[in-house]
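To start, the structure itself, in structure tokens.
The first chain written gets the first letter, and so on, giving A, B, C, D, E, F and G; residue counts start at 1 in each chain.
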Amino acid sequence: MIYILCLIFFMVGLYGVLVKKNIIKIVLGLIIMEYAVNLFLIMLGYREGGVAPIISEGDSITEFIKHSVDPLPQALVLTSIVIGLGVIALMVAICIRLYEKYGTFDITEMRRLKG
Amino acid sequence: MRKLVMFIVSFITWMLLVFRGKAGTCCFNLQDVIAGLFAAMLTALIFGETFTKNPHKFFDLRRYLWFLVYLPMFLYWCLLANLDVVYRVFHPKMPINPGIVKVKTTLKSKSGITALCNSITLTPGTLCVDLTDDGYIYIHWINVESQNVEEASRMIIQKFEKILTRIFE
Amino acid sequence: MSADIIYQVFFGVLLACCSICMYRISSGPTVPDRTVAIDIMGVVMVGFCAILSIVTGKDYYINIAIAWALLSFIGTLALAKFLEGKGFDE
Amino acid sequence: MVGMTLIVKTVARWVKSFIFLYGIYITLYGHLTPGGGFAGGVIVACSFILLILAFGKEKALKRISKALASELDSIGALMFLIIALLGIFAGGTFFINFIQKNAPGQDFHLLSAGTIILSNIAIAVKVGSSLFMVFVILAVLRVVKKGDKLEMIQTNMRGEE
Amino acid sequence: MNMIPLFVAVPLAGAFIIPMLSRKFKWFPDVLGNLVTLALVIMSFAVIGKSGVYSMGAWKAPIGIVMVLDGLSVLLLVSINVIAFASTLYSIKYMEQYTSKLRYYSLFLLMLAGMNGVVLSGDMFNLFVFLEIASVASYALVGFGCEHEELEASFKYLVLGTVASTFILLGIGMTYGSIGSLNMAQISEQISQNGMNNALLFAIALFIMGFGLKAALVPFHAWLPDAHPSAPAPISSMLSGVLIKALGIYTLVRFLFNVVGVDERLLMILMVLGALSMVIGVMLAFGQWDFKRLLAYHSISQVGYIILGIGLGTPLGILGGLFHLINHSAFKSLLFLNAGAVEYSTGTRDLQELGGIREKMPVTANTSLVASMSIAGIPPFNGFWSKLIIIIACVQAGRPVFAALAVFASILTLASFLKVQKYVFFEKLKEKWNDLREVPALMSLPMVLLALLCIVMGVLLLPIGNTGVLENINILEPAVKVIMDGTDYASKILGM
Amino acid sequence: MNLIIYSISLSIIAGIMCLFIPKRTRGVAETLGVIVSLVTFIMTIMMFGREFVSKWFLIDNLSRFVVMGIGMFGFLIVLYSLKYMQGRDRINEYYAYLLITIGASIGAVLSNHLILLLVFWGVLGLTLYMLVGIGGSDASSTAKKTFIIIGGSDVIMILGVAVTWVLGKTFIMSGIEVSVNSGMSMLAFICLAVAAFAKAGAMPLHSWIPDCAEKAPVSVTAFLPASLDKLVGIYFLGRISMKMFVLNKAMGQMLLIIGAITIVAAVMMALIQHDFKRLLGYHAVSQVGYMVLGIGTCSPIGIAGGLFHMLNNTIYKCCLFLGSGAVEKRTKTSDLDKLGGLARFMPVTFVTFVIAALSISGVPPFNGFVSKWMIYQGIVDLGRKGDKLWLVWMVAAMFGSALTLASFMKLIHAVFLGQREGGEKVKEVSSLMWIPMVVLAGLCMIFGVLAFTVPLEKFILPAVPGVSFTGLFSPSLVTLMIILGVILGLIIYMLSNFKNIREDSLPYIGGEELPVETRVTGVDFYRSIKDSKILGGIYRAADKKSFDIYDVAKRVLNYFIGMLKYLHSGLLSNYVIWVVAGILVLLIVLMKGSI
Amino acid sequence: MNEIIGLIFIAVGVFFDLAGCIGLARLPDIYNRLQAATKSVTLGTCLILAGCAVFKGILSPMGIKALICGVFILLTSPTAAHALARGAHLFGVKLWDKSVCDMYEQDKKNF
């Protein structure tokens, strides 16, 4: 259920990237895609359960290794979020520059490179 | 001095972040504290100069007192605002009467104005849109009761101004 | 058991919130409208992560929540900056 | 008015140090994976990006340049070199987990993961500064045609070049 | 294998120190940048023939982070770092057009670290992180000039790259969801034990698309012809020469062959994608008049060759593909450097504006001739050998149609490079180029080096054995073996 | 073995050395060229008596006379170039490529390993490209076109080699014996044959030869397209059809069709050319048709005829080109409209040219006659075996021969007889240039008169086992055919003359003895042919290059490329749509079996 | 006990979130939506975070982090709303046509 919702969000974002002509809408679409994936990853960790992969006190390392699942996915969520953050900042920066250069938001008018 | 303020704030934040609970045994690990010192130092070095304009105010304890007074008020208004929202949103007719009005504030300090604006935004029916250098604030009011600057000021911001003046100036 | 159901309800409602935001994002009508919806959705997600951290008992969901709050704030500011239609030096 | 409104500026002033600190926190406590360093670095960079957004390029860069140029980079580089050298002396190799080996200490504390934490720091600093650099290049650099050659007019992140 | 992390650490360290000291010494970025890449070249030559696993933090796989060095990584490392060295050498003079050398080198080394990291990581998560590092650096480097076209290209690249990254991330999530691990060896083990499921198949599709986009396979290629020409020449040469391989081909091959384990269907997908890229890329290239854009389209086409060869799944095909991979690194980088040299001297890269500059710029002209003949598959240059092997492998594997497509693409490649030679270097010298000068020696040097590489590599790696079963020296062979061993990869890593 | 390696590596190394000779230095390259080519020539002669088989190289009765031919032509061309190339730019490069070409062709002919062959073959293409490019800035288009066709066919050859390897399980040519009966084997043969055709210049891969002939330095044309490439190409065709593959009927028919079309179409094109060298170029193509035809008959005598024709063709065609070069050197033009009456001033050139022209037209007693005669025998032989179409091939060959004769009469008329615009005196070329021509013309005569005792006995018959000149065929019929051809040619020549005079109201110059000589130029001469209804359309199409595979391919490609470029519209959303469509297709393909 | 209080907090917070989002959907123009959504969602999420803190004990590591997060949101959310409102106005989004007045529009030209 929740995965389907994620998928729908993802699709909405993709749709935005696909059909919108306004550069900022494209960026918004990408943001939504990021959100959807982040949500998906978060829920994944929820379902996975298992031992908390971040070490907490009271375990010994060997025991921890024995019980824990791979600790990476949690880092993955965090990383994915911050990557999203960085990329959004970059994209908006480029958008602003593009707007300065081309004087329009319309991606269809930014077509110096084609063929 | 400014850096010291920054340092203290950062260090406290750090300590809160790495707080390990379990009171009694060891709330803070020595390594954490050392790391915190370093981190706070770094932060102070980089951002210290710009964190606050008047560091001496930072040590003025009366402000915190006033802040403690302000907080419940603010929370109360906040709650009220939400109930207001709930009322307007769930009401089938959506009783709104919006518009952007202009008010004038007497606050001078930047922090004060900021706090004011954010308070305005979070309290019933109002949203801060823009502000000018000479102390005018444009407010989107969901239920405009007056378009007169003075009157609107009285209705919207007066309740905050007094106490914010005490906190920030 | 009942607690589980409560959590399920919470998640359901929050996801409904997200869906509403998504509706606003897709229907617009203006770019700022969509931006607002994304901002709001981010904040809702923060709450979502917070509840998750209770359910799963894992601290790091709160870390994620904080990160998401950051993301939401900076992303929104960047978009707002774009909406203003000014460059970085004016 | 350069940058965004007073409100944004003030709030940015307040939260930037928090974001920065949080980045450091993520870096130091993201045990086990270099992603800790990566994520932390991006967050650190975001605190600077926030400044640019809020204050505009000129002011932000001026602010950052003083501190960043001298302290941050040197500290990062120095730390990196120290790690490498220590690694060589301690075990004849780079990046071995010599701290853990020599001083196992208590598990699950900050230093329990040995040099990982240090490499995390290094990665964080690097990724942070690079992402910021990327942002600066894409956001604020200007290229002006001057005669045949291109010339970049810019306020450098360190104010000079 | 304590050297393994150095491949990431050294460029990172270099990138630290560059901004630190370059304020005092103008020459510092140049010198350090080149020293770092030179060191990396030496290091990558030192690990030829070696393999090993490095566990970060002394914890073994699958819990700790592992970096894995094997034949395939070595091959990639060598080509990445050699090209990086040539590019930095070239940058010394070339980048004087841009004033921000410090940033340039810093980003360059960051990208390099990202690529080396991708090639060495043993788990999907770190692979993704390094991939993002390299990608983000390349976004900025593409937009480095900050002109209309550069920003436009950068934006399109950024959007498509982000879409790809998101897909990859989704794929990683799904893989994790159904396997419960992100360590490549462990994923592989799990798959071989429990078989596939739909979620995994979905993830595979996502990965093929995501990595395929990084590799610029048709139909995921559209960003490349915009992005690669827009970057400064040494960066173009890095992007086309190695980035698409490290981020795209390597990841794709590693994932499909060593992690998932290929079957007939996956191989067919690879072959079809390869053939499509090969043909469509070259056709588009043929119609170009912008020097660098033409080259960029050829990158798509040549990547198609590589993927086609590897997708055959036979030892010979894989050998051909990998051989073509390193060959392509050499000649495509060289061609981009040539294009950069032409642009440096003339200020244009429009083929129709140029002409006859052969007599004025002999070094550029001759090295570009070598590279052109290489890419066109003319003996005795290196490209000939790999194309030969790929075509033979296609026929051997019973795929004459793909062989015929490869032939077709090869003819068009030849045609379009003859076009380049004609319009740029032969023909009549135009009036306006009468005062043209050859580029400075520091720019010629890497070109000559790479040209020598193009000539020598064909002979050095020359693989003619007894009855055509091709034997090889120890850079290609171990790489082929790694791929052929398929999912045995897992047991090796976990066993070590 | 050593001899082989020396002969190949000597010239290649010398060539590479030439590349590094400083630009200003004069004479070094020339000296090196003469010495090396002479030594190589001697080595090829030394190879003549040997048999040798190894993994890499092979000397057998088929390859050794070809190699000797290469050595000889190489030496002659170097000699000729000494004067001809004097004063041009990039001389060092020229000799470098010339020497490399010699080495590579020897290598190509002697290799026994298909991959080695590929390498030498490819190098030949590359040097040809560079050599044509030396012709100056306006030769760059020709160089490009040439190399696209040659290099492209080389790639096709790779495919052929691959398929052959898979079928024959080895790369070693002497160990391959594949019978052409399946689709794959046909593919292999066709791919290899394409390479041979492109090198030799059979239709439809011929179109680079006339262009080359026109634009490249004559010594280059005489050397490569006219002789070495023919030798190597037809040698290879011979090797694959005789030794490596056992041809089936369809393949033989294919060769016959290509041969016939090449003969007729090329000679028709030759008829209408304005340019001396271009005209010769078309003849160079046309003659290839005979060779292909001969090999296509699949009968020993036909194949032997084809190979002999190859040898003869190289001789007389080389001679003709050298003659044209001599003319050009003196008159500075190769436009037939501007040439005429040179017989008086350049007697040696004239005589050698006439001998070669008669030879190419198959007039006895010159060598062309003998080889054509043998090819005709092969065709008759084909008829005996029950090929119903033998008459078609025969008519084509005959008609081609006739037209060749007619065309050369016109050419000789236009260049050496007739009258020249301006008409100032010119000198005969220097001895270094005419000696090769004389040698070649001499060979034409020797190979014609002493055909059976010298060339056939020594070179050809050992290579083609099973040729017997008795019992199988009717020499009288064949001789009749050839004479018929000659007469036909003369008739055509006369006819067009009459027509020409009748239709064109040319100014009659009183007092001249021969009215025919009144400014009759190549163009006007055969205008009647060009103007005729059926042929006219074809010629017009040919003028538009509709038959040039290069241009046709270019047009078709440009159409598709235009479409593709249109798709790459610069619209980001389009690109994203492709991505999404791609992933959907991937999903469908991947999930198909599993859901 | 803590847990029940925490859950109540969370429940209220979720309810406010929902209200804010419905406001986002129902209200007629961007400024109104921004008002409703910002107020409700900010407080709602803060309440959720506070609820979490209470649930786990305010002095637990998670509780403290939740509070920090809450403070952060309290600071940033209205700021973001302000920036967006201003951005939208400068972007040219008009007020709802039944709006009473727009003093900002009048004054904007003077800046």
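In this text, a residue touches a chain if its C-beta (ideal position, glycine included) is under 8 Å from a C-beta of that chain, and two chains touch if they have at least 3 such contacts.
Quick caveat, the model's predicted, so the values are computed rather than measured.
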item: Pair of chains joined by more contacts [C-beta pairs], E-F or A-E; value: E-F
item: Chain whose mean Cα position lies farthest from subunit B; value: F
item: Rounded Å distance between subunit E and subunit G, as computed from the means of their C-alpha atoms; value: 48
item: Distance from the mean Cα position of subunit D to that of subunit A, given in whole angstrom; value: 22
item: Computed distance of Cα centres, subunit D from subunit B, in Å; value: 29
item: Distance between chain centroids, defined by C-alpha means - subunit B, subunit E (Å); value: 52
item: Per-residue multi-chain contacts in subunit B, two or more chains; value: 13, 17-18, 20, 114, 117-118, 128, 130
item: Touching two or more other chains - residues of subunit C; value: 31, 35, 59, 63, 66-67, 70, 73-74, 77-85, 88
item: Two or more partner chains touched - positions in subunit A; value: 14, 17, 26-27, 54, 56-57, 61, 71-72, 75-76, 78-79, 81-83, 85-86, 89-90, 93-97, 110, 112-113, 115
item: Interfacial residue positions of subunit D with respect to subunit C in the complex; value: 2, 4, 8, 12, 15, 19, 22, 26, 39, 43, 46, 49-50, 52-54, 56-58, 139-140
item: In the complex with subunit G, residue positions of subunit D that touch it; value: 4-5, 7-8, 11, 14-15, 18
item: Residue ranges of subunit C in contact with subunit A within the complex; value: 11, 15, 18-19, 22, 25-26, 31, 34-35, 38, 41-42, 45, 48-49, 52, 55-61, 63-64, 67-68, 70-71, 74-75, 78-79, 81-83, 85, 87-88
item: Subunit A residues touching subunit E - in the complex, by the definition given at the top; value: 10, 14, 17, 23, 26-27, 30, 33-34, 37, 40-41, 44, 47-48, 61, 65, 68-73, 75-76, 79-80, 83, 86-87, 90-91, 94-95, 97-98, 101-102, 110, 112-113, 115
item: Touching residues (chain side subunit E, partner subunit D) in the complex; value: 2, 5-6, 9, 12-13, 15-17, 19-20, 23, 56-59, 63-65, 97-100, 102-103, 106-107, 110, 125-126, 129, 133, 136-137, 139-140, 143-147, 151, 154, 347
